[in-house]
Structure formats: C-alpha cells, structure tokens
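There are two complexes below, and they share subunit A, which is joined by subunit B in the first and by subunit C in the second.
Let's turn to the complex of A and B:
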C-alpha cells in the first residue's frame, strides 16, 4: 500500500504560505516552530539545507532499508551459488575448491549492490508516492518551479490568524488556504 | 542550522598544546626504545642463516627441480599447491645471507614508504577538492596541507634507506644476470628484459625527478593559499590558479604514481608483476590520508581550534574512511582474485608465500583494513562519534602497516619472519616524527583559509538529519 499519511486528499483545512525566497521561508519556518506551531510539511523545488532540523523531521529509514536489501542480496546470491555450484551440480573448475572461495566474491558483491540500489530506489519512490500512474498531488504547481510552500494543518489548537500573520511578517509572497482540495488566495 | 544566522569566519593561530607535544615525543621515544630492544635482542647472525632449515629445504626443492624447470612443473593437489620453477621468489630466497642490519633498513623502508604515500595522498586530497570545486572541505584544508609538507622528509628517508641497503633489499640490483652470457645458466631472461627499466640510474633518477615535481607543485599550492589569506575578500585569482596547478598535479600523480610504486615496492619481487599494484598502493595511501586527516581534525576540535568545523565535516570524513576501506578491499580482491583464479605459476608465487607462510598476517590484513571499518563505521552514529572514529582509525593505520609489511618482508627474506621490535620501533619513531612535524607545520600559518571562496559554504556545511 502506498503510504496514506502523505496523501493530501484526506486532510483537513490547510494553511499555506508561499515564498519566493529561501531565507524568508526558513525564517518563517523557524518563527512558526518557535511559536509552537506544528508544521505539516514544507515543499521546496530543491533541497534546502538545515530545513529538516528546523521542522524536526525524523531521520529517514532509507539507510536501514538499504542495509536489509543488501543483506537480502548477499543471502540470495550465497544460496544461489551454493545450490548451483555445491549442492545441485558440483563442478570442478581448474581444481578449485567447492567451499566459499574468492570466485564467489564478485557475485556476492554485485548481487548485494544490485539489490541495495534497486531496493532503495523502489522504497524511496513508494514512500514518496512517486509510483508510476499515480496522479501527483500538488498544493500548487509552482512548488515544482520557483516557490516554496509552508503547509500547516488547521485544527482546534491552531490559531489560524497567528500562523498567517507570522508567514506574512516573514515575507510570504502569497497566502492561501486549501479546504476540500480547493485552494483559495487570502 | 546554518540559516538565519551568520557564522563568523575568524582566523585562528594554532599553538601546539603541551599534551600533544608530549604525545608525539612519547610515540617517537617509545619507537626508539623498541628499536633499541630490537637491535639488542636480534639474532646477529646473518638473516637467511636464522632460517637455515627452511631456506635449505626450499633451495633443495629448487635444485631437484632444476632440470625440470624448463617445463614449469607444477603439482596441484586439491588442497595445496606447490609451485616450482625458474621464476618468482627463488632468486630472493636463495640469495646470499643478508647482514642482520637489513632488518633495520627494511623496517625503515616500510615506515617511510607508508608516510610517503600518505603525505602524497594528503596533497592529492587538496588537489581533488580544487578540481571538483568542493566547498565543504575548505574549513579543514590546512590539515592536509600540513601533512603534505612531510612528503620531502619521508622521501629523503626512503632514499637514504635505499642508498644504504638496496643490495640487500632489491635482488635485481645485482647485475650478474645482466653480465651473464645469453643462454648460460646464470642468465635471467626476465630481469634482462626488464633491465631498461630496472637499473640503478632509472631507479634513482625517475623517482627523484618526479617527486621533486610533486613537491614543487605542492609548495606552489601552499604558497597560493597563503597569498589568498592576505588578499582582499572575494579575490578568486589565487583559487583559479590553484585549480590549474591542481589539474597538472592530478595528471602527474595519476599516471606516474604507479611507476614510483613499481620501483620502491613491486621491484622487491622483481620477477613478479601486477598491473593493479599502483592502484592498490594508492588505495592504501588515500584511505590512510583520509583517516589521518580525520584524526587531526578531531584532535584540533578537541583542543578548541577550527571553530567553524562541525560534526558535519567529521561525519563526511568518516564516510570517506568507510567508503575507501571498501575501495581498498575492492582493489585487494581485484588483485588477489585474478591471480588466484588464473593460477599462473609466476603470478602465484607472490601470494603463495604470503598465504602459506604468513597466514596470520594475511588474515589480519583483511580483517583490520576491511571488516573492521566496514562493520564499525557502517552506522551513521559511529561516523559522528569521535571516539569510535579514533579507535577505528588507529586500527586502520595498524592494518595498513601490516599490509605494507606483507608486501615487503616476504620478498626480501622469504618465509618465517614476524613483526618484531625493530619493525614496530621504526614505525612508531617515524610516526612520532610525523606527528611532531605536522603539528609544527600547522603553527606556521593561520588554521582557517579565511579568504577561500568556499569558506562560507564550508562553515554552513550540513549533511542533513
């Protein structure tokens, strides 16, 4: 299943601050965090260093996934060589021993690397809903070009006017709300 | 982090903390003491005599097969393989007895060669950063620069060792095989064929010319870096010049480092050759240089210097250590696997002695240089933990010492040698000198390249959560 938590479709009302300047956006994010506002996410067309720390993003599980995929690749290759070369049809090639030998190393290595790379790419696309055929959900098409969007989910503990004020004071180019998939300029 | 607040770039002047000075001196003196113990306790009879029984059986074997040598007879059993014939190590095994002092010279050769390739790789580190337009490393740039000033020292020690002891270390230096008439029993086709390359003139001329060029480029880069410090803010003239010099160095180093390695190490086993040997030695020097840069950065941080260097830089150096340990293992396997698989006698000879007679060292080599860093440094937290990095780094340096020992010693003495007081002593002595030298070199100028075009970027370096 594609991760539902990342879907925007089922969200409540969202408050959006659109920024055309990285520094202003970062300042606004810091200010919001400072005020104790929970930021849903910040969408940027390119990676902004340090932003993940400001919004308190958790460390990605990707490296652990990579390790497990590598382990799988190693084990599968080992099983494969053992089955083919030792168990099913033992072969004598240049009088080399049957047990684990240097000639196994390239296969073990390549298989480990292959499954690590494919596994990481697959899990990354899966987790970030970039699966082929899925219609991308964008808060605003400009988030893929030149705008950065701070997204705050509205709720009973969120002071909407305060959030919008902070964004505005820090130089938001545009403020929007998004309710039921309809985005309106404030 | 990094955003919304400015990081002030301030010049820092390094003064050697007395603890560091004491540490370098203790390492050096410990090395000298161990060398002293080694010299006092070593068996003063000629070295080959000390392993008489082994050497003799070895020689007998060869004599018996002397007649069959032409057919390159080979006994291959399922488990064990004996290679005989007129190639490989025979010439070095049966060479006349070596005086016991040869042990001192080979010990010094190993230590100075190691520090030579390490300081050279440190210079290459700076060069790579220039060519790649890398920003993150600007803040730690002075450390590899200081390490690179050790190149001439290590090289001079290396040359001195070779001048004194080349007859005992490099068996091809003996010219009998060249003067022998073609077709006579003493005539050595392989060495005669290599004599245009392996001769005393080239042996000294080539490395001296090449290393002089490298050192001059290194000095030029250092000078440009000083000039940049006192230039106006935003002046990129020196940086652009540095990039051009770096490109020149990269070409000279990339193509010709192998040749120096062939002369100094591979020619110990003059009948044997491996085309990847230069890359293999580069891998040793490069991963060691990264480790030593990392250790110096950790040390400077612990003393309150390098204020703009953060955990992020240390983390990246840790990644380098981890990645290039795997690179080392990759090259190690590339060399070993092909020779093991092809099983050609003249190639096998090199690994046969190292695997059969030096198995503990052979295993320690792979364990310390690959499995240790691979398992210890894999986790992200380990690469950000200075204590883990220090321990893993020290183990890696020990591993590299064993690696070079294993390349040199079996070729010179044949089977039956061990790492003794002399080897450890010479290594520690030179490492003590090296540490002291680098510390002094660090005091010679400001620790922060304040006008480096990428210094701001480096100060804000962040690898993310």
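Let's turn to the complex of A and C:
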C-alpha cells in the first residue's frame, strides 16, 4: 500500500542535482527524462505543477478512494437512521413520515462528507508514508526552504557521468553523490 | 504552459525569494516573542479568566444566573453561538471556494482564516453545550442508546442536524488546516535549534520531505477537500438557520433564512479576518505578503455580502407585509419600532448602510479605516442575531407571556470570555505556527500564471 518509490532506504548510490531555480530544475528534469533516465524523485519546497507528469508518476487513486469513502459514509448513516428511527424505536413526531424524508438529508450529507474527508486523508498519509514522529529522509536541510533536488538512483542502465553532465548543463547549483547515507560534493 | 503575468498586479511585493519567504514568515516562531505579542497574549488570558469565572458561576448555580426566561428561552447564548459560527465561515470559504475559483490572493490569508475558523467554532460550541444546563449529560445529544430505555435521538430535529453539522465542520476544517500545515511545519522543523522544538515539529511534520509524488497527492487531496468543504460550509449555516426557520415563531418561519444566514456568515467572517489581518500585517511586518490589494479584495467581498444581507432584511420586511399574516406583520413592526428598535437600527446601519462606503477606493485601501469598519461589521452581525432571536421571542402569539429581556452579568462575561478563548488560541497559533502558507506563497512569488 505504501508507495515504494518514496523511501530512500536500501537504495544504491544516488546522484543528486541541487537547483535554486525552478525553471532550470524543470529543464534538467525534462532533459533527463528525454534521455531515458529514470528519475527517483524531485524534492521541492513548494508544489511545481506538472512535474509529476514529467517524471512519469501515475495519477493518484485518491479520487476513487474518496468516492468509496463517501459511499461508505452515506450507507452507514442511512443504516444508522433506518435502524434507530424506523426499525428499533419508530417515533411519531408531529405525524411526520418516518421513512426516508428530506429531514434525513442533512445527516446523510454530513456523514458522507466526514467519512470522505477522513478516509481520504488516512489513505493519503498511508500511501505517502507520512507518519507522526518518523525521522525525515532529508537529502539537504534546505530542501524544505528554497532548494530543489533531482534524485537519480545509480544502476547498470544509468550512465552516471551523462546524468551529472545534463544536470550541470541545465544550471545545477551543486552536484552530489550519496552512497550509504554519506553525501559527497562533486 | 508557464508565462510571466503582465496584466495582474504582484500578489507578493518586495521582490521576495523563496528563502526570504521562509525567513520572514518563520521569524516570529524562531525568535523570542515580541512585546506586542506579550501584551496581547496577557489581555487574551485575562479575558479567558473572565470566561472561566462566568462558566464556573453558571455551572455552580445553574443557568438560572442567565436572564433567559420562559418566553425568551434563547438569549445571549444562542446569539453568541450563531455569531461565532458565522465568523467561523470565512476560513473555509477563503480556502475552499476561493481555491476552486483559482483566486490566488487567498494564499496570503487562508492559513490565518482557517485557524480563525477552528477557534471560532470552539467558541461557538460552548454556548449550546452549556445552555443544556446539565452539561454532564451532554452526550445525550449523540445517537447513543439511551440509558433509560431504547429511545433514540430525533432525526427530524434541526438541533440534531446541528450536532452533526458543527462536529463535521469542525473536524473537516481541522483536517484541512492540518494537511495544509504539514509542509510548513517541515520547513520550521529544519530551521529550529532547540531539542523540544525539534521533537514537536518533527512529530507533526510526519516525515515530510517534499517529494514530487507526495506533492501531487497533496495537491489532489487539497482540491477534493476544497470541493467537499464548499457544500459543507454552505450546509452548516443553512442547518443553523433551520434551527429557526423550521419553527413556527413569527419572524423565524421564513424560507429566506438559509441563503440569508450564509451570506451573513461570510460577511461577518470576512469582518473578523479583516480585523485580525490589518493588525497582524502591521505588527508582524507582513505588509509585503498581505498587501493593500488583499485588503481591497476582502473589502469588496464584505460590501457584496453586506448588500446581500441588506436585501434579505428588506425582503423579509416586504414578505411579512405581503403575506397578510398579522403575526408576521406585527413581528416585523415590533422589530423596527418596538422596544428593541435600537438593536434593529444598529443592525441596519452596521450591515446594510456602512459597508456601502467600500464603493470608494480610498475606503478599501486605507488600513485604519478598514479596521474600524471591520469592527462595525462584527457589531452589526452580533445585533442581527440578537434582533432575530430576542425580538421574535419576547412577543409571540400570547400577549400574557410578553416579556423584556436583557443579558445578565454572567451572560456578558461568557460572551467577553469567548473572545479570551479566541485570542488566546490565535496568539499561540501566531507564535508557534506560520501565519502565512509559506509553500503556497513560494509558488506565486514570481507572478507566474
């Protein structure tokens, strides 16, 4: 369930390009993808629109999960009102009908919203590996401030010098490698 | 396609870079509290003390210490409840509806407005809960099996809808606010030095590192939450209005209530946002982030919603006359010219007449004037709820039960005390969390479309 792409643990050598400009980072990412390099992740301090499509991330399932949670919320609320109000102890209040009436709508609606919001949020936390108190896998403390980092995992099919060259040509402020948790500036 | 916007004015001025944004907005968190913060916080805590005393007296003696009686069974308490719930609407409106409309100016103000929402709903919840009298059996409002038999709650009652609506609104707003805060808490986590600070910011940042896939999901969840919160925010005040509209009390039994209450809620919410931000931008040096352009936009919304509320007042009056129902006609005549005329005309002046000054650009761009106007709006909206509740109840169908009502010292204390709760929470928020959404601001500082 957890997105396996996210963790940096048990990775081979990582090639890092540090950028301080959004345009240069996007250009470098596009160039790398164009050359067929698989990008592990790009870390940015703010959302850069369209970057997920450039690195080939699949569209999230969140909207489907949201819909399913909403259905669950609606059904549970319906079941609750039906059980309490129609089945277990029918109440005659002002001779109003007891079966599904407009007066059920507010509670059905609120329960649908409540379960959708929380169900979706839990799915988001789970899938994105967001857990209270865990140690963040930071590549640089400035990645949540003003630095953008392109991260490529080394392997047989990766030409390391070509990757570093592309990053440099597109204006990387700094190049690093990271092996076994130790970063080396190139 | 990304291009430089040449038509729109800069949303953030001063040529800020991403690093500047982090530095400016995390300054109050990383530095020792300023004198202004200490003074403000002290005042807030004093008011919190007033709340504590009034609440203690209410619980110790019973709600007989309030001046509510058999005719006016809702007084300051429900007035204050609706007042605070209304204020709580601007946050979600700004973050949800303006997000759906792609209004980027919301980014400077959404964080504090959402915080305000949460604190205002806490204040609001105090009143119906303690109005129950025996607050220790407050859980009876929930759909739980009754200890004395198998009787359940009444699903036809708007008061039960309120329980669901307010609790859903509070929890979804809190979730929306927290998810929006995670990237910023991570930024602070990577800046703070102290051991305890590091622990707490790390705890709440949930290991956030800003990966692209996480950002994509984050953007999607924000969008869906905004889509959910938009009907939610409209439903909450609609349901609050049905507390009145489904009754047969003259002056309450009207179908115009839901839209009229929602417009009023947005109006008062923006009034409170303006009150807070005009001060905060000055005291915290955020004039480059919350610019005159932002204040201008807020004033336009205040003017629009004030006028909507004003039209609703006039429509109500007209419909009462046109309906030919003498009880309705009397209720409205009594509002305007009866013993509570001063409350009615204060409401009319503050909500309908005074926001019309915002047709003038000077009024929309002068901070001190906006501050005064925002107070006027808040006073007016309190009077609106007072007028609706008290003038309708104090003279109903049976002249023998006509009475006058004014709040007791304890009721006044509770109301003033909720400002203590509100501002204590707000000052703590301004000290420990970023008041402006840093991540979102960083994405618009270059004025890209």
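Methods note: the second predicted complex is superposed on the first by the 181 of 186 C-alpha atoms of A that agree within 3 Å, B and C clash if a C-alpha of one lies under 4 Å from a C-alpha of the other, contacts with A are read in each partner's own complex, and residues count from 1 in each chain.
Simple rule for what comes next: contacts are C-beta pairs under 8 Å (C-beta built on N, C-alpha and C of every residue); 3 or more make two chains touch, one makes a residue touch a chain.
Remember, it's a predicted structure, so these values are computed and weren't measured experimentally.
With both complexes placed on chain A, subunit A has more residues touched by C than by the other of subunit B and subunit C. Legend: residue contacts after superposition of the two complexes on their common chain; A:30 is shown touching subunit B, with no touch to subunit C. Applying the stated contact rule after C-alpha superposition, one finds that A:52 touches each of subunit B and subunit C.
In the superposition on chain A, contact of A:118 is made with subunit C only, not with subunit B. When the two complexes are overlaid on their common chain A, residue A:60 makes contact with subunit B and with subunit C alike. Once the two complexes are overlaid on the shared chain, A:95 sits against subunit B while remaining clear of subunit C.
Using the contact criterion defined above for the overlaid structures, shared-chain residue A:79 touches neither subunit B nor subunit C, since it reaches no partner. In the superposed model, A:107 makes contact with subunit C only, not with subunit B. Shared contact residues of subunit A with subunit B and subunit C: 22, 47-49, 51-52, 57, 60, 63, 94, 96, 101, 103, 106, 109. Note for the complex: subunit B touches subunit A at residues 1-4, 76, 78-79, 330, 333, 336-337, 340-341, 343, 378, 380, 460, 462, 464-465.
Taken in their complex, subunit A has these residues touching subunit C: 3, 5-6, 22, 41-49, 51-52, 55, 57, 60, 62-63, 66, 80-81, 84-85, 88-89, 91, 93-94, 96, 101, 103-104, 106-107, 109-111, 113-114, 116-118, 120-121, 124-125, 127-139, 141-146. Listing the residues of subunit A that touch subunit B in their complex gives 22-23, 26-27, 30, 47-54, 57-60, 63, 67, 94-97, 101-103, 105-106, 109.
Considering their complex, residues 17-19, 22, 143, 150-156, 158, 160-161, 164-165, 168, 171-172, 175-176, 179, 182-183, 186-187, 189-191, 202-221, 224-225, 228, 231-232, 235, 239, 242, 438-440, 442-443, 446 of subunit C touch subunit A.
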